[in-house]
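Labels run A, B, C, D, E and F following the written order; every chain starts at residue 1.
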């Protein structure tokens, strides 16, 4: 039997080429790649991104339109090193989208607070953009974004733009005088939030595991019930198809059942 | 108790000093030392010769008068090396004389044949000298002297002198044209001897063990009875006093019972 | 008491500190023994010895405290041991009732081997018995030890011949899950002969010592147990003058090669031994003739398998005793 | 079947090639055993094992073919061995019916020693038992072997500690007959430490290894058996990576010094062992800390006898495996 | 339809089937297991009855035939992707009920979990016919009865075979094969038999009583002391389906390469490692817990049966003598008696 | 005169004798023999009964007291000879009949053989008083009865002592000592007893039958295979009297030195070596023959008794387990039966 060229058979493992339209440097080791795209995407979904011969990696879509999507990629290994060497006009290989994403209906007309830690801002960026453009569909909207230090700040140009329309509380873990923003952990600032209408408040928490754990505790202290908290889990979502098993937690396959969960459903879940 | 100075006590191990009067070179490694002497000596006796600190060695007296004695010494070790470094006027240390020696009475008026091999000529030299001077006391006299090679010839000056008075058959084991003498083993020449009056013949055989063994066989072949053969044995005559045991053969102490034996008495003796 | 000590020593009895008393050495080829012999050994220790036993460093038994007067009786008693443990494995024993016919060539010792040990690459007991059959009885002083793997628990590195089991590991990429257990283990415990390159394991044949640990480590049998070979290290020794480690002589030698070279040793000794010495050990003979001469003679008539590597030269170093620490 | 392999291994049972089956290792401190234990060992081999025994290179017994199911029963059965061969010599054994409490520190092995051997300078069995008492049970992997003399028949040169008996030979000129038997023998078999000068024997103390052969050779007891000392050679090993000979650490050490340094080893290991490894052997720890550190710690609190010499530095060399022959 | 074959006849059947099928069965490879001189019982092609090992459990299951240990997904040539081909081969696999049931688990994951089928698994799976080996005694470590995988429904096999002293009796369900069977043998009545009791029984924990404390029980920390994370329980398991995808570009020409997948195991280091190096379940006891819960709880929560089929291979191969059946029973006791 | 001493009284006697005499007796030196941990039984000074070893034969005899192993003959200072001094010491030596008889042999050689007495031996020998230890059982290797040296004539000892469980009974012949004995003990009747039968008997060869062939018998070549020429039979022998004289100049000052003698042995290499290196009796078997004939034939030919006293020490010390008594018997058999 002859070799099967790429598109002759429906093969969920098969990636499609996508041209790099633009590249934005975010930090020293993080770049955002804008790629041509005809994917139907939801906020918070991810793609399996690859360069043949260098492997695949699950990357959250950090923004999208009908024509393009953005992937914010940190240089951490063989594949991402290779990606960072690409230039506009080169191609990335994509398959997806995978995961459930944030269903905006859960937040419509609510007070939405998004707490994002570090790269956790990427998966919610498209949602923030949508909110920014549709603030009328929310009762209230506030973003808390925490970074380790000024050097790891992502989407600076976006944040400045968003701030014109809604509150963005920016924190940096370590002292830093370049930025005149709050200094300290994001959790400290959650405690200071004044939640008027808790019943009508939905909270999204995305970030590294410790940030998520302690942020949720703070929101709980403020009286936010578990089922009004939403999280996005990052695991080794390797195939994206619910087959390879790497991202499984208990009876959940994060790649298909997540990465976005209502906290009430997963609060006792264990790796 | 105080140390006992040398002559205060009769001590048979004690040597006496004797001045070297004259030194004669015999071969490359053999010298004859003439020493002052008041020893009462018999032919074929030996002395224990020493230099304090260098040891003692039994040395045959190779000639003597009332005033002096001669010792013919081969350089073979520590003591003899040292002796060879002495000069006229220096001293050797002597004790003795030891051993029975040749009793001339056994040969008086007989046909005496002396067969000597190599250094075996030394112990009989005084007897030959006596014979040379008293040929009238013998019925006939002949000397057979064998040497390994021309370089090991001893008493050359004496032999030349003796030859004026009696037959000295000189043999050299190895071919040698310096000397016009017989070439070959002494034993071959014994076979050629013409013994007229065997009953009246006495034979003295002195030399290295193989020479003695085969020479005696030859004399026996000629019909000489064992009790007319005399030998002088060389053993490790170490104390000279019949104490130390080194020279013992069977029930004989060579230093006191020998070194001269009538062959009939010792023919079955075994080391 | 009067006897020829040389004879009694050849008969595997020892001249001991106690003039009246000897000790019997019982060979246990390969160190493996049927338990039923223990009854007999105990009986000899109790009835003729002092009721104790020493276990020798060559894995035999030494029965101390036997009166010299008893030695013929003891020889008769151990006949079943000679019969069962020597004659039955093929050793030529003229009369088992005469005791051991020689003691020069020492008991062939061996680790427990692959009858028990997970690391062993062959049946050391079987090979020990085969070698014993070929070389015993013999008066020449030769020490042979068999180790199941290059770990050399039996300490063949201080013997004249240390025979270490090797296995050729054959890699099947199609069965490899890339867990790198073999690679990690080889780095940590062996010679770093394995590396993980291009998502597969690469074996540096030069560095590989054939221990087979990669095979043991693999959770998918991606490493196949290939051909069985031997490393032969030679002329190690303790001793008072110059203790030294055996050094590799052959690598990847076949069983036949090993057996042949051990058999050839005796002719070599015969030709070169200094008979003026009481008993010259083979290591000192090799010191005299030099390694190249030894090599030439020991390999005479040996059909080398194609995989077999031979040392060009050997430098044993070790250290000289009698020097300031 | 389910059990904790680490526990069972500490209990001196082995994980073997056959999943259902284990092998029991029986310690014989110093390799010396009362013959009566043989009945029990035979019984265990016959009733629980496969009827055979392996004699280990450390002079113990290994009983193969024991079903894992039987191991507690076997432990109960060997109680008399633990009682008699361990507890009675002073080893702390809480319950002899529980089997061996540890297996890390190996059986202290020893040559037959001066109970039998003419060359031995001390009672190796007694010292082996004394050391066993001090260091057993202990999980750290330490190998100790005792040789009666520097000939090292027990092969202490491939152990962590090789303890070789030395004797100071004291010369009595007034008893010497100048036969030079000692001088000739020392030249031929030892280190040429003796020479005959000025009609007496002169001993080069530097070269003398204290073997005592001069004492044995002398027909007039002109050599007196003086003080009893030890040479301690350390950190020899076989193994897959870098087999190497032990090298001299102490010379002319007293019995107390030997016992003290062996006791100190465990604190040193405790401080430096890399617990991330399954079981780091002491030799590799010394490789990491370096000899000077080892030396400092091992000698801590040890009262050195005045005769004792200590190595300034040690270079073990040996050879690296995994290289072209 | 039931048939009875003499050995000879059965070999003729195999010969005939061999024309069209690759016939896989457990075989004994002499002295080929990891420990020297030990035999390896494993799946391989067979052509005769005599080659089939019927007295011992295979070390690995038949899983690797359909889900190869290493399987190329794509070939890469100058950035182009070519899906790796499969063959026209068809397969017959001899296997016991537990292992047949294991394929039901694999089918669930590869064909039903998530929105898409695994094309690589599927294309092989479709070509497989199962010949179930009747197994009425099992082996020491088996607990299939407890796991409800001692039986096989007749729709789940092409043939069901009883190996007898002088031949083979069997049932054939597969119409494609019936003719071949008929040609070689006489018809008989045949009723498959199944093992009804293993030496080992496990009590599955009561799902309703499972509390959070169970996850923190010292049971698991004890396994941290024992487990060495070698992954043999995963590789020998007939139901473990995890894999890792890797790319490689060839040394000889870096323009060519491939994307392949190979088995992964939740016990093996790196299983949960994310970009940047963060790992979940660093403690080996946590891995044991994870696997245990997966095999007897999570999978069942998601589908309609437990994952574990009780074949006992994980017990057989664990170098640390950890018994999975014992673990299940311990867990049940803990849950039953309260933490 | 006979006396009986309690142990205490005997110790008082020793204390009293110690004023005037150096008292030598066999003692046990703990762990001082050649093999480690073995006791050395040898002659040394004693001051009490308890120090005297009465249960074992001494390795060396009392010979070394009168004929020291190494003895300075002369001191040399710048070529002058000074005879080595002796002391004023007087000696009492405890010894068994065989050893007392051995001194008769030494006396023969040193005082009667050759024209002169050995002054060094004599000056010590004259100061010795012998206390003979009654010996009625002997030891395993003894054959003194066969050698006629089991008895001692009363003129040959100063005292003859019987060591009993609770004291010592004895006879005193020496008038010098009688007073001291009387002072400490009560008088009794005392009759010395002697051993009348050893475990070993030797048959001395018939002198008349000794032929030349005996010297060439393979008996001796067999000993060449066994004897290692260590000389222990010589050094342990109470009658071996051979010695070698050596000179030495001191390293520190070569103008000073000494002439000394030390024991020599006919088994030891170099015994017959002459200037130039020639040796007689290179074969060890010839040395065995020489010694044997010396001990049981030659000496007897020269004097009126055989040299060997049958103490058996040579048997006790031979590292090659050569037995002299067995050798004598072999020789007798050979002579008796014809070569």
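Here, contacts are C-beta pairs under 8 Å (C-beta built on N, C-alpha and C of every residue); 3 or more make two chains touch, one makes a residue touch a chain.
In UniProt terms, the chains line up like this: A, B = Anaerobic sulfite reductase subunit B; C, D = Anaerobic sulfite reductase subunit C; E, F = Anaerobic sulfite reductase subunit A.
All values reported here derive from a predicted model rather than from experimental measurement.
Asks: To reach subunit F from subunit A by way of touching chains, what is the minimum number of steps?
Replies: Each step joins two touching chains, and the minimum needed here is 3.
Asks: Can you give the shortest number of steps from subunit B to subunit E, where adjacent chains in the path must touch?
Replies: 3
Asks: Among the chains, which has its CA centre at the largest distance from subunit F's?
Replies: Taking each chain's C-alpha mean as its centre, the farthest from subunit F is A.
Asks: Report the chain whose CA-based centre is farthest from the CA-based centre of subunit E.
Replies: Between subunit E and the rest, the longest centre separation is with B.
Asks: C-F versus A-E: which has more C-beta pairs touching?
Replies: A-E
Asks: Where the CA atoms of subunit D average out and where those of subunit F average out, how many Å apart are those spots?
Replies: The mean C-alpha positions of subunit D and subunit F differ by 45 Å.
Asks: Could you please state the distance in Å, as a whole number, between where the Cα atoms of subunit B are centred and where those of subunit D are centred?
Replies: Centre-to-centre distance between subunit B and subunit D: 67 Å.
Asks: Can you give the whole-Å distance between the Cα centres of subunit C and subunit D?
Replies: From the centre of subunit C to the centre of subunit D is 20 Å.
Asks: Enumerate the residues of subunit C that touch no fewer than two other chains.
Replies: 15, 17, 114, 118
Asks: Quick one: which residues in subunit F touch 2 or more of the other chains?
Replies: Expected reply: 35-37, 244, 246, 248-249, 264.
Asks: Please output the residue numbers of subunit B that touch at least 2 other chains, ranges allowed.
Replies: Not one residue in subunit B touches at least two other chains.
Asks: Mind listing each pair of touching chains for me?
Replies: Final set of chain pairs in contact is A-E, B-F, C-D, C-E, C-F, D-E, D-F.
Asks: What does subunit E use to touch subunit A in their complex?
Replies: Listed in rising order, the residues of subunit E that touch subunit A are 73-76, 79-88, 109-110, 113-120, 212, 215, 241-249, 254, 257, 259, 261, 264, 266, 271-276, 280-281, 286, 290, 293-294, 297-299, 301-302.
Asks: Residue numbers of subunit E touching subunit D in their complex, please.
Replies: Residues in contact with subunit D: 35-38, 140-141, 225-226, 315-316, 319-323, 326.
Asks: For subunit C, which residues are in contact with subunit E within the complex?
Replies: Per the stated touch rule, the residues are 114, 118, 120-123, 148, 165, 167, 173-179, 181, 197-199, 212, 215-225, 228.
Asks: Going by the contact rule set out above, which residues of subunit B touch subunit F in the complex?
Replies: Per the touch definition, subunit B meets subunit F at residues 1-6, 8-15, 50, 52-57, 74, 76-77, 80, 91, 93, 234-236, 238-239, 241-246, 248, 250-251, 253, 255-256, 268, 270-271.
Asks: Any idea which subunit E residues touch subunit C in the complex?
Replies: Checking each residue of subunit E against subunit C gives 31-37, 40, 42, 59-60, 68-70, 230-232, 234-236, 244, 246, 248, 250-251, 260, 262-265, 268-269, 317.
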